[in-house]
Structure formats: C-alpha cells, structure tokens
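Take a look at these structures.
Look for chain A in each of the two complexes below; its partner is chain B in the first and chain C in the second.
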Partner chain A sequence: MNTYYATNLLVYAGVDIIACLALNMQFGVSGIVNFSFIVFQAVGAYTAAVLSLPPDSANGGFQIYFGGYQLPFPIPWIGGAAAGGLLSIPVGLVVLRRLRSDYQAIALLVLSIITNAVITNARPLLNGAAGLALVPPPFSDQIDPNTETYQFLYVGLTAICVVIVFVLVNRIVESPYGRTLRAMRERELAAMAIGKNPVQLKMTVFIVGGVIAGLSGAILVGFIQLWAPSVWLYPETIILFAAVIVGGRGNNIGAILGALLVPVGFEEVTRFIPTTIGPPGLIPALQWVAIGLLIIGFLWFRPEGVRPEPRHVFEGAAVREETG
Partner chain B sequence: MAAAAEALVTPGRPMLVASDIHRHFEGLHAVDGVSIDVPSGQITGLIGPNGAGKSTLLAVLAGTLPASSGTIVFDGEDITSSPAYRRARRGLVRTFQLPSEFARLTVLENLLVAAPKHRGDSLFGALMGKGYWIDDERRLVHQARALLDRFGMSAQESDYAGTMSGGQKRLIEIMRALMLQPRLLLLDEPMSGVHPKIVLEIQHYLQDLRAEGLTILMVEHELHMVERLCDSVVVMAQGKVIGSGTMATLRRQREIVDAYLVG
Partner chain C sequence: MDLYVAAFGFGLVGMSVIAIAAVGFTMQFGITNMINLAYGEVMISSAYVAYYLNKAGITIWVGMIAGAVFGAVFSFLLNRVVYAPFLRRGTSHIGMVIVSLAVSLMVANLLLPIVGYYSVSYQDTTGGLIRAGGIVLTTNQIAIIGVAVVLMLLIHGLLRYTRLGKAMRATAANPTLARNCGIPTGRVIDAVWLITGALCGLAGVVAAMNSDSFAIANGAGFLITALAAAVLGGAGQPYGAMIGAVIIGMVTELSAAAWSPEYKEVVAFGILVLVMVLRPQGLLAKRGALAAAG
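Up next is the complex of A and B:
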C-alpha cells in the first residue's frame, strides 16, 4: 500500500512540475497571465483518453464519447501534447493579439469557465459531467497496471518527461530568446521599439506552453485512468499560479520547488487534517482559503518567491567593491 | 515660410520623407498634415510648445502609433504600413520621452537584448542549446561593453536597470538603440530630467555619432542645446509645421518667435 501511495505522489509531483515549468515560462518569464492553463492540460488528457480508449460501445456502452481509437503508447501522449499546442493557436490568436494583458487574463479565465461548462453539459462529446473512465494506461496490454513493477515503470516514464521538459524549458528561459521574453514582460512597447514582435513571441510561448500542458494531462490521465470536468475546474489553475509565485517567478528551479511545495506538499499535508472537525466540507473549503492566503502572503512579504529570478551576471564583469 | 524651407541644407537624399501625416485622437488633430524631410547625416531638431504634436509625430514615424493618413518613406522604401518592430529592424529606431528601460534586466542585458541577428534569439536557436549561440553572445557582450565603456557605465553592467538614476536610464536607452546599429535615431527629449553634467555628455555623444554618419531627429525643449547641436530645426505648433531652417533664420521669423521662441 505504501508503494502505491509513494508512486502516486511521485507521478502527481512529476505532472505538477511539468505544468509549473510551462506556466512559469508563460507567466513568470513572458508575463502572459494564462488563467486557462488547466484547459490545455485537460485537452491533452481528453485527447490521450480518446486515443487509447476502445470505441464507446465497449464495456456495455456505459459512457459515450467520440473517437476511441485504441492506439498504443506513446501515440496518446504525443497526441495529447499536440492537442494542447493546437488548441493554443486559435485561443492565442483571439486573446493575445489585440487585448491588453489584464484583459487577456480575464478573457482566459472566462474561457476556462466556459469550456468546463460546455464539456460538462454536452454529454455526447466527452461523456459530460461523469467524464471518461477506464482509460487504458500505457502498456496495459503487456503489463498488469496493478503491480508494483508497473507503478515504478510509470514513475520512470513520468521522470523521463520531466527531464526532457526541464531541459527544453531551461534552454528557452536561459537563452537570448528568454532574455527577449523577459524584456517583453518588462515593457512591451519598448521591446517593439527594438525590433521585437510581441504578438509572435507571445504566440510562440503560448503554443509551446500548450504542448507541455497537454503532455502533463496525458501523463496524468494514463495514471489515474479517468478524466472528468470536476478535475479541471478553473481553481486548479490558481493552484499552479500559487506554486509559481511561491517558488519564484522566472526561475525554473523555483517552479519545481513551487510544484513540490504547493500542489503536492500543501495538498498532501492538509489531507491529514481530520475531516470530522466542523461541518462537512469545511476542511476542503478551508484548503482553498489557505491557498488564497498563501498567494497573498507571498505577494505581500516575498513577491520574488523562494527562489527569485536569477540576476544574469556575465563572465568578466567588472567586480566592484562594496562600500560600507 | 517658403524662404525658410529653402534655407534648409540637404546634402544628398533625405533619410526619411514624411508627407502629409495626419494623426487624430477622436476629434483631436494631434498631427495635422505634417510633411517633413530628415536630411541624412545631420541632426535635425524638432521643437514647439507643449501639445504641438512633436512626440505624436515621432511615434507615428517610428510606427508606435499608426498614422491616420499620409506616407512615410525611409531610405527610399515606403514604410507607412510597416509595424514598429519591422521599422526598428530596418534601422529606424526611437527612444521614449519617459524612461523605458527593462527594469529587471541588468544594464548589460538591456543592451544585449536589442542586438539584431542573434542566433540564440529565436525558439529554434534557444532549443539548440548554448553551443549554438555562444559565439554570437560573446561577440555582442564585447560590443555592448565597448558602448558601456564609451558612455562611462561599465561599473553598472550587472546592476538591474530599474535601479539606475533617470540620467543613467537615458544613457541605457541611447546605448540600447545604438546596439541595433540604426541609420536614423529618433530621440524624444533625451535630455529631460537629466543632470547637467550628463546633458553635456549626451551632447558630446550625439556629436560623435553624427560625425560617424548617423542621422538623428530629436525633440528637444532646451533651445540653447538645439542651437549648439542641430544642423536644422523644424518648428511645430498645434499639429502643424510652422517653419524650418537653422535656429538663426528661425529667430528672425516673427510668427515663430510669437508661437514659441518668446522668453
């Protein structure tokens, strides 16, 4: 039982780290307040699900959905990542071109709410509120998913994805391109005046982030084997924002730290608070209050987060003596 | 006024020709039918009372604001419909009236980020890794440090630009513009709010840059400065050009003196 708890925690940690790295690139580095981040994770999860599920007539036809292609690993994961990227294109084109950044945030938040409402209520699409269940995990035709070996295999697959995403995102953030993104975040008009095209930069970051978010969804759905509108409500995005803010905006290590501290650590710790205290539903509600307080607390007392964005000092910089 | 226009010395072809530029904000005619030539290799001053439309004209020329109507030809190419970033890449670079540094980038990074044609400054280049772009980076760091040295800011290269003084931010902005290797520099009040000592330095730098062949169009309020620095001057009032020529010829024209030069 302990093994399952540990592997469960590790896979969630991996998924959250991947998501936070993508969100940090969008929000921390580039200044795009993507309040619909969870939608891109969801589309990746749904895509991976319908790519790996059998047609909906299977299992007595208890759920309805389109697709059902029964494709082998890694196609569902690749498909999930691609879907996240594809969805980013129309959303980005509508939201990122004309709107000022605060309105972008509002538009994206509204998009997140609308998408969830549509998927919940349009049952023929993706089985509505009940969601998709019995999603076949990768290699489930070869290895029994209910064994410890399989659990460790899944942790390994997740870890490989974490490493790949970290390397790629780190290359982007720590490159001259990342510097351009930070300049755009600081002052868009001035960035334009030095020859940068903000719309193109934002679109690129939005799509790359969408791909990564889609992958994180695909990984998660393969593990928990179900996906429903209740797991990707808009507050989930807020948790990821809290993670990036706590960890340190603009810092990839900070994003990892934030993922471990907030969605994993914070939720795990509060899980052990006895739910018998107070009326039913009090403790889960207070969890949200605590997340809100965490964000406000950090923005107030340590806005740069646990690991602030590094100051880039170049080799051979004139060393100045500190004067008292 | 025609006499004043003829007095304008134009060696070679103009670097920038703007014809009949209009820019309206709702009912307000901020720029109302302005035609202006910026002669190449010179410093042209743009003066006028507050609200004359100078900064708006500069923004329209740089593409930061679209023109309501009119045409802009830069170095023989019609750039009227080209966006600001594309004009900057072609060598038409502006600075802003208010400090516009990238606050949480270091001083050196503020310069580096402006460098065009950096192999690492694209998604592809970034994903290829450091080995792909490090040579470009080294070359540009060298180039940026030479500028910092020239403008006396080497000691601050690793400080955040946001922590610099107003005058230093001006210098950062000018250096950043120079990193683009512009052919025409549009300066919006580069001396405003700057310590007199730095004003003198900026003046020397601008003279050096002209000697190196850079064309400059600058909005400036300080008339002594304009007189010392500018080869020719364009005067605007209420969205229109009311005269142009050297400061000496302008001082002799009554309507210009009335509109602006009094006091």
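Up next is the complex of A and C:
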C-alpha cells in the first residue's frame, strides 16, 4: 500500500474521530442537536489558515483574505481551537437559552446554511467560493511536506491530538458532571428540580465541543492545505450525525467506531466503484442517499447503535435486591 | 426612490410566494406537530414536475396544478411511509427532526442524477408588463399574487367554516381529546398532509416561476424563507405565517434593492435570529417555541 494513501487515510480518520467525539459529547451525551457542527470545524480551519498564511499580496495576490500572519506551528492550531470556542459563545447564547429543543436544531441548521452562503458570496473576507489555497502546513519551513517522514510526522501530531481529545472527553462524560449531562438529556425538568442549571450545562458543552471542532478543522486544513465553502456544506454535519448514531449515541468508543465506519469507510468503499456508471454525479449522489438510509435504518432497527451507551446502574441497589 | 417603488412591487410578489409556502409549512407543524425539514425539497421536486410538463409544451398553469397534486401525493406518502411509523413508535421531537433531515438529503440526492446540476427555467411567455405608478410587474406576477390571495381566503374558509377545518383545529389543540370526542384524527392528519402538500407543491412551482432560474440547491433557500415566515408569525399559526410572509417578503425585496439580491436569505435569517432572541414564541402564538418539547 502506498505510504501517502495510508497517511492520508490515517489523518482523515483522526480528524473524523476528533469531530465525532465532540459531537457525541454534545448530541449523544447532552442531547444538543448541533446541526451547525461543521461551521465550528470550518471556523477553526479558516483561522488556522489565515494565521499560517503569508499576507494576501503573496503568490501574486491571486487570493484575498484578511490576516495572513505567518505564525509558526502550534499557534494556528491553538488559534483554530480558540476560534471554535469563541464562535460557540454568541451562537450558544442565542440558541440554547430559551428555545425548545427542536427549534434549537432548526436554528442551528439554518445558521449552517446561511454562514456558508455568506462566506461564498463575500469574497473579500475569505476568498469566497474559491476558498483559501496553499495554506502552509506546520513545520513546512523546516521539513519538506512532500517527504514520507513529514507524512508520518503529521500522522503522529494528529494521533497526539486524538489521544488528548479522547482523554478530555472521556473525563467529562464519565465523571459526575457527565452524569448530570445525561440527566439533563433524559429529563431537563427533573435535572432543574435537583438544582442543575441546564443553560449553563449546555453552554459549557457547546463551547468545549466548539473548541474541539475548531481543532479538528485546524488539523485538517494543515494537511490538505486548502479550505473552501464546498467542503463544509451542511450535509457534512449529517455524516457526522450518521457516524454517532451508527456507532452508538452516548458511547465514546461507539463514536470512534462510527467515525471509522461512516465517514472513513464510505469514502474508501466508494473509491472502488468506477465513476463512469450512470450519469455524472450518480455515485456521489447515491452516497448521500445511503447516508440518509443509514440514519433512518439505524433509528428504526437499532436506535442504540453498534455500541450502545453503557447502562450506569447503582451497584448497591443490585446487591440488596439479590440478598433481599 | 424609483428603485424602492419597484422593489415594493416585487415585495408584493415575494410575499405571495412565501405566504403559500409558509402557511403550508406552519399547518403541517401545527397540526401534526412535525417539523418537516424535507419541505424545501418537496417544493423543488414539484417545481421540476412542472418544468418537465412545461418542457413538453404544456402551459405553466397546468404545470402548477400538476405540481400541487405531486406535492400532495408526495407529502402524503412521506408521512405514511416514513414519519407516521416513527411517530407511532414514540420517536422524540428531536428524533423526528433528524429523520426529516435525512429524508431531505435523500430526496435532493435522488433527484440530482435525474434532473442534473444545472439551473433551469420555465419556457413560457412571462406575459405583458403592467405599470402602476412606478411598480412594473408582469401579468404572471400579478397572477401569482391573485393565486396567493385566493389560496389564503380558501385556507381561512377551510379553517373557520368547514367541519374538516374545525376537526383540524381540534386535533392541533389536543389530539387525544379530539379522538375521544369522536374526531377521526388519523384521517384528519391524512387530510392535513394532502392539503399542506398541495400548498407546498404549488409554492414550489410559484417560487420557481418568480426566480429567473432554479436548481436542486434552491431547496434549502425555499425552506429557510418558509421557516423564517412561519417562526416569525408563531409556528403552527396559519394567520401568523401570513403576517410573517408579508414582513419577510417585503423586507427581503427592499433589502435586495438597497444592498444585494445575493443576501435575501441572509436577511430572512437575520429576522429569524431577531425573533428567536426577542420573541421566540413569534408574533401570534401563545406557546410556540418556548414550550418544552414532549
């Protein structure tokens, strides 16, 4: 197997795992249906891009954007993560405070569609529909990005981020705080009655998820070196939802499994179908149809997913039942 | 100034198109308690049905009726085959939103290989120009306004003066109580999907007529404007949706004159955000967005 193919696959898998872990924390554990997840990934990617790109007069000025600070490696990634978190604050304040949960979902969906339309049409901001190209990858001034060593270095960096995110999300989900989040998901009124503040809980989860989403975007843009509105259309969020639903809502291992099965698996399987069959665009279109079928099929036949959320049972009660 | 007078004329047409779409959407939500995110895709599918008839040489007015019939049948089947089984299982509101989004994605992508990526437009005479004090509209646009007014009156008559309308309002208010009073809520809901589906299909054809050209990608935009008008008026309230349509239609057209037509949907979204921040229950609703989901 080709090294570039393998490293490409591994980096994509890492980015999808990070995104699915964050979405699982928001949707699976806390019940926030974040239909604009991809926007937070996009803002991280754009931020990382403008932080690492030279000013837009470089390369003959063929693209226009603001910023262009040429900052060295860890800063663009940290900046991308921070931007994801910062954007979550106003969005969360508008959407999560007063609205009913299904309204929250549609508001976020509309936000995702509109943000994409604005960035596509407003060219001076981030180069419009063409997007940003030639984004310098991390350490590109020290190591040639086209070498195998560099490819493995990037896989290593991605893996480190996956581990950090997994440990962080696991700590949140498996702690008493995670139990509070699940209580809010199951019955918000009951959680309020025992003194939990659902708005505060949702805002925290929304912002932490936004930070992780921003980081995933920063990792991706450093690797593929370009970012345009066409890569973060709202159906991309639906793929991540499909992954979390298939893997198992509320289960971190399930989220990882879902990330490997749906976004990565689908891309790889369809690679082997010749694109010459049928009218142009048939295979990609059918791929989306399959994603829709996957969601509906799983929600109907196995709503708990491949790896269901573990049931948290108070052990003392079980013991007493046995003896009594 | 002339620009704004002309924009006012376009606003009248715009609000008519949005009113048909928004009333259908809001009635679907109000009576069946289901946010159907596939609404925009059903609209665009119906627009394509009319397009193919139109291409075969049939006038667009017949195409409009065909679009309405198609929308009605499509929506009815969508409910029977997908939504109703999930609802019977007790799927949550959120679960239904996800299901309808998945359906929307599937409809759009099943359609894509059939109709292609490129924008199309109806081959029909747009009719003569009619001028009235700076407002210039084609006869087709006048006809759209007329269709919308007639439809709104019909909806008003249906809800106020017929047994079916009364049964619909009862089902919307409390489905269990309505069933206990002997109202066949199942059949009422079937009727609602047929009627709102017809409105949806018709709105799709009218919206396509009112834009220079259309493509599959427009489905999302159709959904956003209908959604904005419905939420502004108070979701589930047909009269609220009419008021919402008037405001959204006028504001978006005037903003297009003042700013750029590319941002019409952005302006609709801006209104949506303002409503959600300032008055989430909408202009008319008593409960609306604030009530806890079941």
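Criterion: the second predicted complex is superposed on the first by the 311 of 324 C-alpha atoms of A that agree within 3 Å, B and C clash if a C-alpha of one lies under 4 Å from a C-alpha of the other, contacts with A are read in each partner's own complex, and residues count from 1 in each chain.
Everything that follows uses one rule, which is that a residue touches a chain if its C-beta (ideal position, glycine included) is under 8 Å from a C-beta of that chain, and two chains touch if they have at least 3 such contacts.
Given the structure is predicted, the values throughout are model-derived calculations rather than measurements.
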Legend entry - When chain B and chain C are modelled together on chain A, clash or fit: fit
Inset, instruction - Kindly classify A:Glu186 by the partners it touches after superposition: chain B alone (first), chain C alone (second), both, or neither? - result: first
Inset, instruction - Please indicate which partner A:Leu153 is in contact with in the superposed arrangement: first for chain B, second for chain C, both, or neither. - result: neither
Inset, instruction - Check the residue A:Leu109 against both partner chains and state whether it touches chain B (first), chain C (second), both, or neither. - result: second
Inset, instruction - Report for A:Val289: first if it touches chain B alone, second if chain C alone, otherwise both or neither. - result: second
Legend entry - First, second, both or neither for A:Ile224, with chain B first and chain C second: neither
Inset, instruction - Classify the contacts of A:Phe241 with the two partner chains as first (chain B alone), second (chain C alone), both, or neither. - result: second
Inset, instruction - Check whether A:Val118 is in contact with chain B, with chain C, with both or with neither, and answer first, second, both or neither. - result: second
Inset, instruction - Tell me which of chain B and chain C touches more residues of chain A. - result: C
Inset, instruction - Determine, under the contact definition given at the top, whether A:Arg100 touches first (chain B), second (chain C), both, or neither. - result: second
Inset, instruction - Check whether A:His312 is in contact with chain B, with chain C, with both or with neither, and answer first, second, both or neither. - result: first
Legend entry - Closest approach of chain C to chain B (Cα atoms, Å): 7
Inset, instruction - Identify the overlap between the chain B-contacting and the chain C-contacting residues of chain A. - result: 189
Inset, instruction - Spell out the residues on chain C that touch chain A in their complex, using ranges where they run on. - result: 35, 37, 82, 85-86, 91, 93-99, 101-103, 105-106, 108-110, 112-113, 116-117, 220-221, 224, 227-228, 231, 235, 260, 262-263, 265-266, 269, 272-273, 276-277, 280, 289-293
Legend entry - In the complex with chain C, residue positions of chain A that touch it: 31, 33, 35, 94-95, 98-103, 105-107, 109-111, 113-114, 117-118, 121, 188-189, 234-235, 238, 241, 245, 278-279, 281-282, 285-289, 291-293, 295-296, 299-300, 303
Legend entry - Partner chain B, residues of chain A touching it in the complex: 168, 171-172, 174-180, 182-183, 186-187, 189-198, 204, 208, 309, 311-314, 316-318, 320
Inset, instruction - Could you pull out which chain B residues touch chain A in their complex? - result: 62, 64, 83-86, 88-89, 93-96, 100-106, 108-110, 112-114, 116, 118, 120-123, 125-130, 133, 136-137, 141, 154-155, 157-158, 160, 176-177, 179-180
